[in-house]
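A single structure is presented below for examination.
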Amino acid sequence: DFMNALDEVKPLFGVAEEELGKCIRWGIFHFSNHIENILDEGGLYINQVRKPDSTPLLSVVLHGPPGSGKSALAAKMAMDSEFPFIKLVSPEDMVGFSEMQKVIQLDKTFRDAYKSPLSVIVIDNIELLVDWVPIGPRFSNQVLVALKVLLGKQPPKNRRLIIFATTTERSVLQQLDIFNRFDAEISVPNVNTQNELARVMQQSGAFSDEDQHRAISEIQDITGGADIGVGIKKILTGIETAKQDQDMVGRFARVMSSAIAARGYI
Amino acid sequence: DFMNALDEVKPLFGVAEEELGKCIRWGIFHFSNHIENILDEGGLYINQVRKPDSTPLLSVVLHGPPGSGKSALAAKMAMDSEFPFIKLVSPEDMVGFSEMQKVIQLDKTFRDAYKSPLSVIVIDNIELLVDWVPIGPRFSNQVLVALKVLLGKQPPKNRRLIIFATTTERSVLQQLDIFNRFDAEISVPNVNTQNELARVMQQSGAFSDEDQHRAISEIQDITGGADIGVGIKKILTGIETAKQDQDMVGRFARVMSSAIAARGYI
Amino acid sequence: DFMNALDEVKPLFGVAEEELGKCIRWGIFHFSNHIENILDEGGLYINQVRKPDSTPLLSVVLHGPPGSGKSALAAKMAMDSEFPFIKLVSPEDMVGFSEMQKVIQLDKTFRDAYKSPLSVIVIDNIELLVDWVPIGPRFSNQVLVALKVLLGKQPPKNRRLIIFATTTERSVLQQLDIFNRFDAEISVPNVNTQNELARVMQQSGAFSDEDQHRAISEIQDITGGADIGVGIKKILTGIETAKQDQDMVGRFARVMSSAIAARGYI
Amino acid sequence: DFMNALDEVKPLFGVAEEELGKCIRWGIFHFSNHIENILDEGGLYINQVRKPDSTPLLSVVLHGPPGSGKSALAAKMAMDSEFPFIKLVSPEDMVGFSEMQKVIQLDKTFRDAYKSPLSVIVIDNIELLVDWVPIGPRFSNQVLVALKVLLGKQPPKNRRLIIFATTTERSVLQQLDIFNRFDAEISVPNVNTQNELARVMQQSGAFSDEDQHRAISEIQDITGGADIGVGIKKILTGIETAKQDQDMVGRFARVMSSAIAARGYI
Amino acid sequence: DFMNALDEVKPLFGVAEEELGKCIRWGIFHFSNHIENILDEGGLYINQVRKPDSTPLLSVVLHGPPGSGKSALAAKMAMDSEFPFIKLVSPEDMVGFSEMQKVIQLDKTFRDAYKSPLSVIVIDNIELLVDWVPIGPRFSNQVLVALKVLLGKQPPKNRRLIIFATTTERSVLQQLDIFNRFDAEISVPNVNTQNELARVMQQSGAFSDEDQHRAISEIQDITGGADIGVGIKKILTGIETAKQDQDMVGRFARVMSSAIAARGYI
Amino acid sequence: DFMNALDEVKPLFGVAEEELGKCIRWGIFHFSNHIENILDEGGLYINQVRKPDSTPLLSVVLHGPPGSGKSALAAKMAMDSEFPFIKLVSPEDMVGFSEMQKVIQLDKTFRDAYKSPLSVIVIDNIELLVDWVPIGPRFSNQVLVALKVLLGKQPPKNRRLIIFATTTERSVLQQLDIFNRFDAEISVPNVNTQNELARVMQQSGAFSDEDQHRAISEIQDITGGADIGVGIKKILTGIETAKQDQDMVGRFARVMSSAIAARGYI
């Protein structure tokens, strides 16, 4: 099973488009300037690595609340680089791996990357990769140390590598003394204002102008005008749910309101 | 033994009717509106997953006191979906499994589910599945992290999956940082009022109207009119026990009273 | 050795009379009404399980001070049931077993029980079975979780099972969150009053009426009339020791007094 | 090596005289009534087990300060029993054994004992056998639980067994909840008074009456007449050392004084 | 994989020039007297070891903030020694090694060194080599003890060895009781003054005199004249980044300012 | 590798002269009466063991500050005994050994010793042998318990054994409850007074009388006349270093001063 898993990691030298594509199910909505800035910043780092006379290793961590779009943005940056080697490392592909197997898999991915002149590695959900659980606390020391070491390991001559990592647990990474080993951090925000929410609704194409106004004012009524503070993923799932309801507007308003109130279902 | 256990997990693509049936030994009694609402809510989530243009992954956790009917309701929802793949994952089928074997079994179940266009997985008693013991506290980190990852793992294209999990330990799941990875939660209540108890007795067909009145007034006498607050499972076992007694009414009253007073035997 | 041990567990479908018999070395003395009541209660649970239309699974825990007769009473109930499958699970037969081997042995015993229409399983000294040591505290999580799961696992159709467990550590079982998974608890008392002690002495046939009076009044003299509070096992061993002494009465009085004073030797 | 070790445990049915003899290098000195009483008490327990109509299992723990003679006395009692099976279980023969190997060795010794109609097992230095270290604290749970279980396990029919165990750590055994599983305890004292010391010196045959007086008065001078409180083992080694010195008396006095003052060398 | 890894450690008797060269990507800038002094001190230790009548074993630890140039300076000293055996031991080459494998690798490196009359071993990032993580704290006891022992192990006759180790965690090494096993410590400083920064900029050849002045005054404006306190590695990476910007001066000023303010990206 | 290591332990019956010789690189300097006394005390214990009618087992622990000469003195005593079996047990020869392998090696050494009529075993750096690290604290329980047991295990008939152990961690050994299992302790001091330092310098033959005076007065100037308190090992290394400097006196003074001030390099 482990051997199979290793085999499945095909594109030794190529691009894991399908896997990355799954991270961007709904594309990227431009609901605020932040999104633009984040993508620009990512492009800047990629260009820096691309230059043959510059540092051959850069690592960037995207952090933000659950569902804010960290994985989608990391995947987008990776694909936009058009580097010949792009690979996604995700806990989802390591279910049932021992600590050592995870480390071997990580090491293998980096060795593969070193074979390409230009490489991107996306490491998704680091806190899950290191088996973080707040009780104890517990985590995989082996995977953590391997990550620390690999983040600082210079590629061989004429090989250049950029790493994008994602996490919801910025402060955990700090406690684990791995956060400051990244060269840069990018903060990914929730959809926070009514204006931003409106832009998401508009770009979704699901609401007429009137419906949109009605929904937003209903939400305002229910929440007393509180800030939104909901991840783009929940909002897009909510729109989808609402579309299946005859009272799309009312349904969307309720779903959003409970999401705003707490960590409810959308 | 482990290999056998894996083999026994037959219905790779099919429905585990027998196993689910065992969860609903006495059927579903409609002793309050809550029961209806719970089943409706379950149906709603199932319908959402069924729609091909909607989110392909939903997870719902049913929590409530011991014996309140969580497993029965989850099994009912699963069977009512009529999805081609329905599977029950239960600690009962994993006695003697190592942590890794549990993870492999879980992973296998999910992989099997991904082969069907529409799937339901019922994960019973998560707190036992992760070997939770309050002293320490101790739990299986491997199983916990595997569950976390699998709850968020998108199925492949054209595959749609809904997960129902049950637990008596809502706050433990919160501490373990897995509770908020469910898309929705459903709270399953005890039988709480005399009215609800009466409806259970009536639907059981074991009491004449008169007996029912006598029993309830006896219970009131003994408990001083306290709220019932007993799980449906204990009540139905109690009725069964009472039916074997010549003084069915008196016996049932005593059994119920001690159940109300504390966690006694029924 | 482990394989042998597994083989020794012969009566897949039959009664472990010899093993149970060893638990009742001196028979059952009726030194107080409690003994009668306890045996009645046990019979009642057994009859309930026997009825084909009733709940097919019941579990009862006998708890009480060391040597109070828990194992003997559990064995008596089991043998009185005359069920076709009766099995004793004891840490004594698992010396040198790993945690996993214990779990496998437990699981096997339950699987064997499920093959018989009516089964009793006696689980002796649960706190030792789970390797409980108060320092740490330490215990075997694997065995504990296996027990929890097996206590709640419904037998297959037309199979009915009753479980009797014994322990000196009621509160430990509560802390370990396994106590409330039993359907019923039975409290086994020490020999507490002079009257009860007298009845034990009488039923032992070792003392003339006069000797009995002398012994008891000597004990009263030494202990200042304190309550007895000694387990039946210690008393019966003490009588045996005394019978080998020329001054049987004096010896018995001393032995009892030191047992009463503290946990001395009898 | 482990297999060899198992093989070396020859006398499956016989007496380990040589091993026991090594424990009684200097024989038993009768320096106080206590010694007599201890040996009597041991003989009494042995006789009780010998009687076919009495309890077939007795366990006795000898505890006392380091070097007070616990092992020697246990060995003496065992040899005096003249039981056909006598075996010494000592950590010295288990260096390099894993926890499991120790348990298997223990279990094997008991199984061998059960083959003889009358058996003695001496378990030396229980606190070392369970790998006790106060820091942590740490100890071998497996060995501890195995000991607990074996101490309470009834031999088969017509088999009778007495167990003598030794320890310097009475309170540790209490904390570990194994102390009260012994049927009896025997406290082994140091050589405590000048009178007792004099008797040891006399029985050693190393001192003339005059030398003895001089030595004791020198010791009194140095220690200011403090109580002796030294184990018999240290005193006998001290006499041996002194015998090699031209100034035997002065040397013995110094050696004793420093032993009295603290845990020095003798 | 592990075997391969062992094989890759070729130069059993030779110089690992390439690996060491990677540590000195930008050469050594002489931005302050400290640099000279450090290299002199290193040379002095090397010369001492070189002398056949002197101590055949010396160990030196270089400690300082992240990116201050510890690895580069250690590599420089090693290469300048022109000893026939020079070897770099780095966690980067041990990703996926078990504790034991790391110890075997370390041991092997030292054994190889003992074969050469004069040897240098550079041990990079000791805190990572021992898997140090502050939470817990956790670390590899096996690797730590092996390092302690190897640091004090005299080479065989006519073999002479100097060890350079690097670390960012001086106080951790003290807590782990390994720091004081080094014969000497060398403290490696950040670039701390504007003057030092200016010398770095000048030696980089990237700035005209005017640009340099402008950049420094801009930095002063932004930071309010705070001390620099940035590692040479970050500064050199920053210059490289700035060179790719049209507004090189402004860019460099911003990059430096954020590095000064905190642990930002350069 | 482990097998090789075992093989290398050749002199089953013979003397490990080379290994012991390495411990006494500079011979023994007689810089104070203490040295004489220590060696005398060692000789006394050896003579006691030599006598056939005396105790056949003695164990002595040498403790003192780092570099004070513990290993050299233990080696000297061992070699001076001229016993037919002399063996050095050192953590240096056990790098990469598992706990169990260390125990097996220890056990083997003792078994080998038991084959010789007279044996010395030197156990160097016990605290490292048991993998002691103050954080946690951590240590190898297996090795510790094996040492405890072996220290008290009587050799077979006509076999006599003395054990010398060294440690810098007297109080740790006390906490671990192994210190008081030694029959005797010897405290090894630093070079503490100017007079002692002068004698070391003189015996080294490196200084003219004048140079010696100048050096000592310079040291006095720098340290303000503080006590020396430096281990002989550091002083002798310091003299060696100074000899390579043209300004031998000044250099030695500086080296000594910093050693006196703290645990600096010499």
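Letters A, B, C, D, E and F name the chains as they come in the text, with residue numbers starting at 1 for each one.
Everything that follows uses one rule, which is that contacts are C-beta pairs under 8 Å (C-beta built on N, C-alpha and C of every residue); 3 or more make two chains touch, one makes a residue touch a chain.
Please read all numbers here as calculations on a predicted model, not as lab measurements.
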* Path length in steps (a step moves to a chain that is touched) from chain D to chain E -> 2
* For copies chain D and chain F, work out whether under half or over half of the interface numbers are shared, and give different or same accordingly. => different
* Structure fact -> Taking each chain's mean CA coordinate, chain A and chain E are separated, in whole Å, by 34
* To do: Between chain C and chain F, tell me the centre distance in angstrom, where each centre is the average of that chain's C-alpha atoms.
  => 59
* Asked: What is the shape of the graph in which nodes denote protein chains and edges denote touching chain pairs (line, ring, star, complete, other)?
  -> ring
* To do: Name the ring's chains in order, please, starting from chain B and stepping to chain C first.
  => B, C, D, F, E, A
* Structure fact -> In their shared complex, chain E is touched by residues of chain A numbered 47-48, 51, 53-55, 100, 103-104, 106-107, 110, 137, 139, 141-142, 144-146, 148-150, 152-154, 175-177, 180, 183-185
* **Complex contacts: residues of chain E adjacent to chain A** => 1, 22, 25, 66, 91-92, 94-96, 98, 128, 131, 133-135, 138, 237, 240-241, 243-244, 263-266
